[in-house]
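One chain, subunit A, appears in both complexes that follow, with subunit B as partner in the first and subunit C in the second.
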Partner chain A sequence: MSLAAEAFVSQIAAAEPWPEKATLYQPLKEDQILLSDSASSLAVQTFLRMCGLPVQVSCCANAEYMSPSGKVPFIHVGNQVVSELGPIVQYIKAKGHSLSDGLDDVQRAEMKAYMELVNNMLLTAELYIQWCDDYTATEISRPRYSSPYSWPLNHILAYQKQWEVRRKMNAIGWSGKSLEQVYEDVSQCCQALSQRLGTQPYFFNKQPTELDALVFGHLFTILTTQLTNDELAEKVKSYTNLLSFCHHSKTSK
Partner chain B sequence: MHTNMAEPMELLCWGGDWDLPSVHTDSLIVLAYAKFSGATLAVKSIDWTWRTITASVPQLHYEGSTVTEPTQILNFLRKQRFNADYELTAKQGADTMAYIALLEEKLRPALLHTFWVDAQNYANLTRPWFTSHSPFPLNFFVPGRQASLALSRILLTKAESPLLNITEVEGKIYSEAKECLNLLSHRLGNFHFFFGDTPTSLDAFVFGHIAPLIKAPLPSGQLQKHLNQLDNLCQFCNTILKNYFTDASAEKRMDCSPTATHDPVDANLQKLTQLVNKESNLIEKVLARSADSLLNLMSLEIAVTCLKVCGHCFFTMY
Partner chain C sequence: MGTVHARSLDPLPMQGPELGVQADDMDLGEPEQEEKQEVLENKDVVVQHVHIDGLGRTKEDILTYEVADVFRARNLIDVMKKSHEARQKLLRLGIFRHVEVVIDTAEGVDALPNGLDVTFEVKELRRMTGSYNTMVGNNEGSMVLGLKLPNVFGRAEKLTFQFSYGTKETSYGLSFFKPQPGHFERNFSINLYKVTGQFPWSSLRETDRGVSTEFSFPIWRTNHTLKWEGVWRELGCLARTASFFVREESGHSLKSSLSHTMVIDTRNSTILPRKGALLKINQELAGYTGGDVSFLKEDFEIQLNKTLFWDSVLSTSLWGGMLLPLGDKPSSIADRFYLGGPTSVRGFSMYSIGPQSEGDYLGGEAYWAGGLHLYTPLPFRPGRGGFGELFRTHFFLNAGNLCNLNYGEGPRAHLSKLAECIRWSYGAGIVLRLGNIARLELNYCIPMGVQSGDRICDGVQFGAGIRFL
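Right, the complex of A and B next:
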């Protein structure tokens, strides 16, 4: 969205209270959704639950095409549609709910930096493992992604998506990486998160913020999703404080 | 403790200009980290060589192995016991990773756009510079290739996929970059460096990203204007240049190589005065000898010095 459109949307957002029939759209849970989308969706759902805003989850096969930015999940609130965690956080802040108001400038800078770390490393690694690793792509990603469609559309869409992701990996310089290097990056990212978290219940003070929602979404999905091998989950499991963070966040919501 | 090196480590990178040791962000990161950690590198500039199109810069050569990409090179230097992050706590190390990710995601797209996609900057600054620093016939290909790589990176990572239009993305990437600069400024505060009094790898990364933006003479630079308002970041950049890179830039000025200096007028004046002094010395010598042959000699010398003066004016202006 351009800046003017964003400002306009924020104004409209501020005018209306949170409706009861807000909906979150994601791909089909059982058959279609992949690890990265599931992680993003869980992050948004956790964030909304932390803010105390009710939302219904609706699973549609064409959620990705309905989304204004082409990425899932997206929420439909009143007559606005907002996708991805970043814009959703801003939209909800315009409505008057915010989890990070208590942070000072330096802490807010740190929070944004860590959120970018998760996006840059964890999400990119998830996409790499799903689409650039041939074995996983053939066994899991392509069949799942194209399951709602019939032949030949399923082949076309699956390969198109794989090509798009590989192009992106190429542009940011990840196409030269091997799978072991990607797992190593995930491990370093988890180490950084683990060191930042320490023994606290949440990343900042005693209150959860959008960073906690994002980290929980990704880590919980990694731990509970069955891939071709368990190496990704093992990397996360080796950090015990992250495990207890996931457990604590899951049970307290 | 440094390892005993039979040969020094060699770094290939783009050359310097605008008071910087290199105009290329990734090369600057490696150069700054090497200075901070005390590693001596034999810096080889790829300007005017075929490596402008074949090499992925920066590149570190040591004992037969080659390392590319700033993060890999920094890891390699750390393994060779050149560690500028030795005194950081675990949490500070984690913060380093997070801030580097912030720079890559939020600031890098806008930097790429400012230098390679913005029409005015590209036509008036970036393309002439890279064209003049590449050998024939590569000077036709190198800038264009870099520009298309930059554009595709921005579009693939930031644009919303159905549209893929650069103008829609511009507003978003610049506002994110300005926010990122503000966040860095808040984090730096009144300190000299990001973690206390000694520079670390995060300082190298931030320096590499913001130094070209501060120093380059950009015709249209909204991001540069924004950065100039953040005094502590400008001060940070100048402190590093003064403390770690003054020898390099002072040497360059004394070499009189055809790179534009910060005060072109003063440098020109200096060179011109030197040449005029040389010329007047010659004329004095000439007057002490006989007429005919010396007149020829004198006119030849004067013609040569005039040519030199014109040549220097031409080079320093372009």
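Right, the complex of A and C next:
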């Protein structure tokens, strides 16, 4: 959409209050959803919970294709459909709810930088492990991704997704990395987050922000998802303050 | 009709479409003509040999069936008639450019005095023909390449390939057709295709990749077709403003279905017939041979035509259909029926009748539509006998209804639902016939019975297509 149209739409959005029947769509929880999508979905759910906005979670096999940008999760609010955490945060801000209002400009820039770090490192590592590691792809990712479909469509769609992710890894230069290097990158990312968190309950002041929602979404999902081996979870567990951050965020509110 | 040559060394003059007689024979024959005529018609002949000249890659065994009847002729008129029929049969195989018939007296050691030899001189079609077009449409340009290989292996098999490469979409189709030797109406074909379609009335985009095989065979006066089809369907939203109902249908699905069609067609022409009737019944069962979608679909088409006084034709038609989803999943938007438009109930916008959400039409699970037409030649008959014959004026009355059915209620509730809130329209216009395949219409329509949510096109409406209500 053009800039003028987007500005117009967000003005319209701001005018309406948050409806009772807002819904969040994600792939099927039991059989289909993968680690990366589950992490993104949990991040959005946590963010909405922190803002105090009620939302129903609806699981659909075709959630990825329903989304306007092709990525899950997405929310259906009134007449609007918004996907991914970044645009959702903007949309919520237009409605008048924001978690990062109390931050000054320096802190806001820092928050954005850390969110980019999580997206570029942690999320990409998750995608790499799921689709570029042959063992995980064969045992977990392809069977789960294609479970709602019948033969031969299930194989076609699973391989199509795998090629797409591998092409993306090629484009950003990750295809040359080995699994060990990827685990190292995850470790470094966790170290940066751990250093920023220190002993505070949240990353900034005493109030949670969207960065907290994002980090919680990813770390909690990594800790609680069963992969082919436990190395990813071990990397996170080695930072105790991150562990207690997850525990604390899970039980609060 | 073609040309039939009859030559003879016998000095008797022969009667026929073209005579090749020698001058002195004419004089001889004249006074005895009356007598000779009778002899000719009762004269017994035996067809001893039938030759087919000009074959290249065509195998002879399929041709023997087509010309077998010629041997049964008993007199000359019969020979000419049966040769003509055999020529038509050879042409309908679709492997010859033209066929000529030559009838001659028998020659050779075993020639009988009343024996005849019939020779079919044929010219085969080229092994491969190609075509290349460019098309420009709605914001899209494309390049279309076509290849046709008639008579690939020598028994009237046909292979066609079409490929379209456009700025937005690519599509292709590959088709192989094989008739049974001796029974051309029994045939089977295999198709492989990818087609994309954009449906702005539903804000829907559909891409189908599929394979299908079909068998056709006649039983008595009816024509039956059995088909298995496997399609990978991909649905998507055409615009960001698509309604959520349409958005929910986006994604991939696999349809594997068996279908059966029965057709009885006694009309004299497919476009603007003057007499005859058409009955077509089609059923499709999906889901029991694999795939994600499961339904039973029935639809029928009836058309009756009768010529009235002064060259005018009265035509009535009735269409109907029903979709019954099997299992617990609801029906998909790609399987439902649509109603309205210049080719169905005139006076309404294209497929813009029935259930809709935010301006996107979702189609319905049951429908019926009927039409009553009176076709007359153009007033004052301009261009009579030539160009003017392609045009007709017509006065029409169309009606129809489309709805979703709640299968918890009984059939009585369904019928009453289809009977209430009927949309109908009437008007007049001009019809132009394009070959034997398509027609163009320009009508002035007055829609009535419009329900809230329908989109109408009252006033002048233009339509082009191959199948009209």
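Simple rule for what comes next: the second predicted complex is superposed on the first by the 250 of 253 C-alpha atoms of A that agree within 3 Å, B and C clash if a C-alpha of one lies under 4 Å from a C-alpha of the other, contacts with A are read in each partner's own complex, and residues count from 1 in each chain.
By definition in this document, contacts are C-beta pairs under 8 Å (C-beta built on N, C-alpha and C of every residue); 3 or more make two chains touch, one makes a residue touch a chain.
As the structure is a computational prediction, the values presented were derived from the model and not from experiment.
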item	value
Superposed partners subunit B and subunit C on subunit A - clash or fit	fit
Partner chain in contact with A:A171 - subunit B first, subunit C second, else both or neither	first
Subunit B versus subunit C as contact partner of A:E234, first or second or both or neither	neither
Which of subunit B and subunit C A:E139 touches, first, second, both or neither	neither
First (subunit B), second (subunit C), both or neither touched by A:E16	neither
Partner chain in contact with A:L153 - subunit B first, subunit C second, else both or neither	second
Contacts of A:P68 with subunit B and subunit C, given as first, second, both or neither	both
Partner chain(s) touched by A:D31 [first = subunit B, second = subunit C, both, neither]	neither
Which partner reaches more residues of subunit A (counting touched residues only), subunit B or subunit C	B
First, second, both or neither for A:V81, with subunit B first and subunit C second	second
Least Cα gap, in Å, left between subunit B and subunit C after the two complexes are fitted on chain A	9
Contacts on subunit A seen with subunit B and repeated with subunit C across the two complexes	1, 68
Footprint of subunit A on subunit C - complex, ascending	232, 236-237, 240, 244, 247-248, 250-254, 290-292
In the complex, subunit A residues that touch subunit C	1, 60-62, 64-66, 68, 76, 81, 149-153, 156-157
Of subunit B, residues touching subunit A in the complex	69, 90-91, 93-95, 97-99, 101-102, 104-106, 149, 152-153, 156-157, 160-162, 168, 171-172, 175, 183-184, 186-187, 189
Parts of subunit A lying in touch with subunit B, wherever the complex brings them together	1-3, 68-71, 105-106, 108-110, 112-114, 116-117, 119-121, 164, 167-168, 171-173, 188-189, 191-193, 195-196, 198
